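Structure in structure tokens, see below.
Chain IDs A, B, C, D and E follow the sequence of writing; residue 1 opens each chain.
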Amino acid sequence: MTGFILETEGLTKQFAGFVAVKDVHLKVREGTIHALIGPNGAGKTTCFNLITKFLQPSAGTIRYDGKDITKAAPHDVAQDGLVRSFQISAVFPHLTALENVRLALQRPTGLSFRFWKAEHVLESLNERARDLLEAVGLSEFVETPAVSLPYGRKRALEIATTLALEPKVMLLDEPMAGMGHEDIARVSALIRKVSKDRTVLMVEHNLEVVADLSDTITVLQRGQILAEGTYEEVSRNEEVRQAYMGTGDE
Amino acid sequence: MRLTKLALATTALVGLATGAAQAEISDGVIKIGVLNDRSGLYADLSGEGSVVAARMAVEDFGGDLQVEILSADHQNKPDVGSSIARQWIDQDGVDLIIDVPTSSVALAVQQVTSDTDTAFISSGAATTALTNDQCAPTFVHWTYDTYALSVGTGKAVVEQGGDSWFFLTADYAFGHQLEADTKRVVEENGGQVVGQVRHPLSTTDFSSFLLQAQSSGAKVIGLANAGGDTTNAIKQANSFGIVQGGQQLAALLGFITDVHALGLDVAQGLTLTTGFYWDRTDESREFSERFGERMNGQMPTMVHAGVYSAVAHYLKAAAEIDDDGGKAVVDQMKTVPVNDFFAENGEIRADGRMIHDMYLVQVKTPEESEKPWDYYNILATIPAAEAFQPLEQSTCSLVTN
Amino acid sequence: MQTILGIPAPLLFGQLLIGLINGAFYALLSLGLAVIFGVLNVINFAHGALYMMGAFVGWFLLTHLGIGYWPALVLAPLVVGAIGIVIERTMLSRLYDLDHLYGLLLTFGLALIIEGLFINYYGVSGQPYAPPQALQGGYNLGFMFLPAYRGWVIVASLIVCFGTWLLIERTQLGAYLRAAVERPELVRAFGINVPLMMTLTYGFAVALAGFAGILAAPVYTVSPIMGQNLIIVVFAIVVIGGLGSILGSIVTGLGIGLVEGLTRTFWPEASSTVVFVIMAIVLILRPHGLFGRPRE
Amino acid sequence: MSDRPAILEVRDLHAWYGESHILHGVNFAVGEGEVVSLLGRNGAGKTTTLRAIMGLVGRRTGAIKHRGDEIVSLTPDRIARRGIAYCPEERGIFASLTVEENLMLPPVVQPGGLPVEEIYELFPNLKERRTGASGTRLSGGEQQMLAIGRILRTGAKLLLLDEPTEGLAPVIVQQIGASVRRLRDLGFTILLVEQNFHFAARLADRHYVIEHGVVVDRYSRDDINQRMGELNKLLGV
Amino acid sequence: MSEAVMNLRSRGGRRATSWILAAIGLAIIIVAPLIGLYPVFLMKLMCFALFACAFNLMLGYVGLLSFGHAAFFGMGAYVAGHAVKVWGVTTVLGIFGGAVVAGIMGLVFGAIAIRQKGIYFAMITLALAQMVYFFCLQAPFTHGEDGIQGIPRGTILGLVDLRNSLAMYYFVAAIFLAGFLVVYRTIHSPFGQTLKGIRENEARMVSLGYPVARFKVLAFTISATLTGLAGATKAIVFQTATLTDVHWHMSGEVVLMTLIGGMGTIFGPVVGAGIIITLQNYLATMGSWVTVVMGTIFVICVLTFRRGVVGEILARLK
């Protein structure tokens, strides 16, 4: 039995006039795939932004890997191995796939502040970058600018970039959003593959994917946790069925 | 920057046919650059009027010299002024730079002209530094300076009982110098200075400065500024009821154009020191009327008159020695006294100061004024020897060595 | 003489009053800037130049057409507003889809053109413009002599600022404006001609600048550079107040005028710098300004 | 096609946001007094379709006929003036306006809009909150009611509703459903974008499924039950 | 703003073209004064070209428009002028000092303004620069309206007399080339790669663990230092340092140079500076019409010519 790598306690975020996330106690077990689901506007992305420190919580604490990161800066938690993706694909559009991945590889090298060094010192990272691209099936796109990749490939590139940082926890915000069946299958397989020795927390709408991949599911509604458990447990929950599938009326 | 090359054909080119024996004058032409403020707060007192005056001097000279006149706007910025001067000298072969109001610009130009052996005669600048620490063998200071102004106005006002002063000073070389000189005169004559405030060049709102002057309780508010700054300060002082409140304004440097701009209603009673008044003698009237014909009836300021006088004197000297080297011509100018409508028995001293009589004048009331531009009553003539800093006090290296 | 912290009381009160007068101009100008920024997302660098034009229109009306101050007080803003409308229609409106910085650059270029043209024709020394007959003279307030015209400046500017605030906060038209600031698209989808509204807003806001200009004409001399340095102070005020905040711009404008007055009494050398120092401090403590909402 | 005269007819509609081509030839029609829903997954182009009808996309081509007139080249305000009202996905409540100001904001474009009292009757919650400060202080459900309520005043007869149930509690969803049905009874024509398929299924007369920017299928109310499995797959539920 | 910038970037043959252009440029720099061009004009041009290149580092490569670069330019000039004239330090040291002080100011301004974006950043830098302007108006060492005048040109290590304008010219050329190379290297370095990442997708860079603000501040500091270098050199060339150098018109001028030349291109700012300085020189006879012409160019550039000369050429070549 492994411990919890990521925990939130009483996590709350208030925006002018309304509460987006309310008193959320989330526990993510190390080495699992944990999905966060719920209808649009339930606060999933806000949760993500809070955990990765892109937003400052109004109340509550966040613990990651035994440390309190409630007050940490977003780049610090990323350096500690808590790395996120974004809902809209987060590539560097006018850089090639290789350069995209290399930007992530470059960060831990400490080269990034060296404005007096020539660019080609980065070429030593190319091999590792190619490996990563291969791992996500992008070998043939190494020199392609990210902007001209098809949508699904962009998501794959994003995952390769994230993987380059060797994260302990990957937070994926709707990795399947806007994908066709074919892409979904590929990215699902990819997520399964990369989750081997790390933790994944993801927000996803596609319940099939969620059912297929996740060990634990947390259902959010209106900023609060509605239910938590395995897919079977959660899908049996009547409240969840109502909230998620909708009941119509009467 | 405005470099107006005047076509020579009709006016400035004199004696085309006789230009044969001018081996000593570089490229055969004497080029005079009129460098002054053509768009700013000193544009009225120098500006186009100085160009007109220089042109008249060239026409009147009539000798067998080829003369070309250039003009430019230095915008009262030292960097602009010095780079125009440099370019004129390096590229256009200018032999004489004339006028240059705004002391800071004149000092910058002085650096350039003394490095390049170019003659420089200032009519518009006021600071005495030009003939002291910063003096140069190529330089003549023609019309007035802060010393002369302070002797005239400072002394007269203290003698009338204005024995406590507060200065409103333009925050650059000229203002500082004028303030210091006047302070000395005031104190020598038994008055005291209770304070001063510095304002930036081209200030639009003097209200807070005037308020400080008012609360200082000084009897006299000395305006150590010039041109548009002076008229603005006087106008606003009027609206804040300062004179009605019992304080007296002393414009340390006032030009006839300032009085014209203010109108006699506001300006009446002001005491000024000037090097020239158009309505003083027949000669000055004759010049001024010719000047006025070309300037929509405007009468010349002392700067304009000085430019005419200086250019005429320069051309005479250059023709005499047939040379246009800066030091050579200035040396020649120093040997001959200046005698024209502007100066009687004027003399250019070793330090470059042209000394001549100055006049203490008072602005007429509207009732006293009988014709256009009839603005001054001459109260006293300050003899040349008293008006200017004695040569023995000069710190100019040309004198001390 | 009574003193406060070693400063004669009349001087202190006098400086504060003068500060308030300056603040009245700041408020009028920063209000216009805030409105333009709110609705068009443009930082109007030409605001200072248009303020100057307001003064010049007044001067021009007087010297060339013999039209006096009171009609000019209405005509000058109208003329400047019309010029603003032309600027918006022909140039600014073509930049809305681009980065907002282009609006700043365009209006910067316009400011150069306008100021350059006026300097060319009128020089920088300034033209005199006398206060109207009814407002000549002044009142002795005991601590200082207040020229009647300057008193009127405060009153007129407060009336216009308050009126604008009412218009924006309390009318249906104002509701359209406020809504358009938040979601211009949706407001347009409700059937409101938002581009027209933007044009009129720009026209109105620069008319405010024109009004400030004609109001300033008798106080300062009418000079092509009168708006040049003022505009940057007003920028700082808008940043301090919070970009786009109507009330913030008015209050901050008046407040900064007073602070400048105070500084002029106690540390005159710092009086032109103080507004920028305040801006830096505000930015460090409250990046979105005193009255602004945090931007997401 | 329904037997009723078409109030809105969309033919080969293409739409772009900047460089990205979102709609690739959408075809459908809405009859007078009908409730029609557009279904599809996230990013399929449902919202873009509504926005394209309102003229709120970067560029569009094709034909959009409203009561027989071509409106594809009109600006959004002209389109709205013809009596088409739009209720956006995030509800579009204005934070700087009070509840009442929000409600009164959209100008009346045609006679025959609902009087304010009737709107309050439809959404009683709003009446209680109308004097409250900012419109964004309302709960999600109240905001949705306000968003729908305010376009009823304008006299527009064709309502475009984008995901009115998004993020709302079941009980509120029921309330909204009842209101939409009332609106249909009052003679409004409604084009509805929904993710909550069950909600849409009970309200709409017909459904169109959009995928990758084209309409891929069409269901009548009666088809729904038989073809549920197929539909589930299409929607990826 | 960055859209146009990004379109200009292409790979491959660009590097070779750059080398050829660089060689031509170097040849022009060496020959120019020998074929009778006015050295003072050329020196002015190079000072402003360096200024524009430094400025472009922020606008073109970080995507932040600073409207306050005159503060660094002017302060570089004042510090160098004061050090050389009053303290009597050597010319090289004076110029170095000017650059360092400007760099430190850049660090401070950066720390205050860098978290803001777009217009906010522009306005704040403008206001901060205006604060510096007023400081320079008041501070005794700048001599207010008078400026620092008569700065001696001095010598290089006592060997080369810089009063000789040809010697001064090659000295300025060396500084310009050095500055230009620093800009070039910065852009094409791991740091430059990081800046590109930030410009393309800032949030993603944060999520990759980059302390984005620190990178921007460093870029701002480099830009300010080089700007100070340009200002200091200008002060030595013209032997004056005045308020013109810190006035916001100067900030506007450098924006215009970069815009007309092509922001986000290596040579754009140089070309832009060349165009503007030449234009100012030839239009000098037109008095204050110069301002009008500058403004008109500004408006035309913004409305129709946003890629600038070099940007336009590159786009055509593609």
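Definition applied: a contact is a pair of C-beta atoms (placed from the backbone, for glycine too) under 8 Å apart; a residue touches a chain by one contact, two chains touch by 3 or more.
Just so it is clear, the model here is predicted, and its values are computed rather than measured.
Undergrad: Would you mind naming the chains that touch chain B and likewise touch chain D?
TA: Chains touching both chain B and chain D: C.
Undergrad: Counting C-beta pairs in contact, does C-D beat C-E or the other way around?
TA: C-E
Undergrad: Can you give the whole-Å distance between the Cα centres of chain A and chain D?
TA: Roughly 32 Å separates the two chain centres.
Undergrad: How far is the middle of chain A from the middle of chain E, if each middle is the mean of its Cα atoms, in Å?
TA: Those two chain centres are 42 Å apart.
Undergrad: Residues touching two or more other chains, restricted to chain C: which are they?
TA: Residues 119-120 of chain C each touch two or more of the other chains.
Undergrad: Chain E: which residues touch two or more other chains?
TA: Where chain E meets two or more other chains at a single residue, that happens at 137, 287-288, 290.
Undergrad: Send over the residues of chain D in touch with two or more other chains.
TA: Answer for chain D, listing residues that touch two or more other chains: 95.
Undergrad: So in the complex, which bits of chain C are touching chain D?
TA: Chain C reaches chain D through residues 172, 175-176, 178-179, 181-183, 185-195.
Undergrad: Please name which positions on chain B make contact with chain C in the complex.
TA: 38-44, 197, 202, 204-205, 207-208, 211-212, 214-215, 227-228, 232, 235, 239-242, 244-245, 261
Undergrad: Sort out for me which residues of chain B touch chain E in the complex.
TA: Chain B reaches chain E through residues 1-5, 38-39, 72-73, 76-80, 82-83, 86-87, 90-91, 103-104, 107-108, 111, 170-173, 200-201.
Undergrad: What does chain E use to touch chain A in their complex?
TA: 6, 9, 185-186, 188-194, 196-197, 200-201, 203-212, 215, 218, 222
Undergrad: Would you tell me which residues of chain A are touching chain D in their complex?
TA: Chain A residues touching chain D: 16-18, 39-42, 174, 177-178, 180, 205-208, 221-222, 242-243, 245-250.
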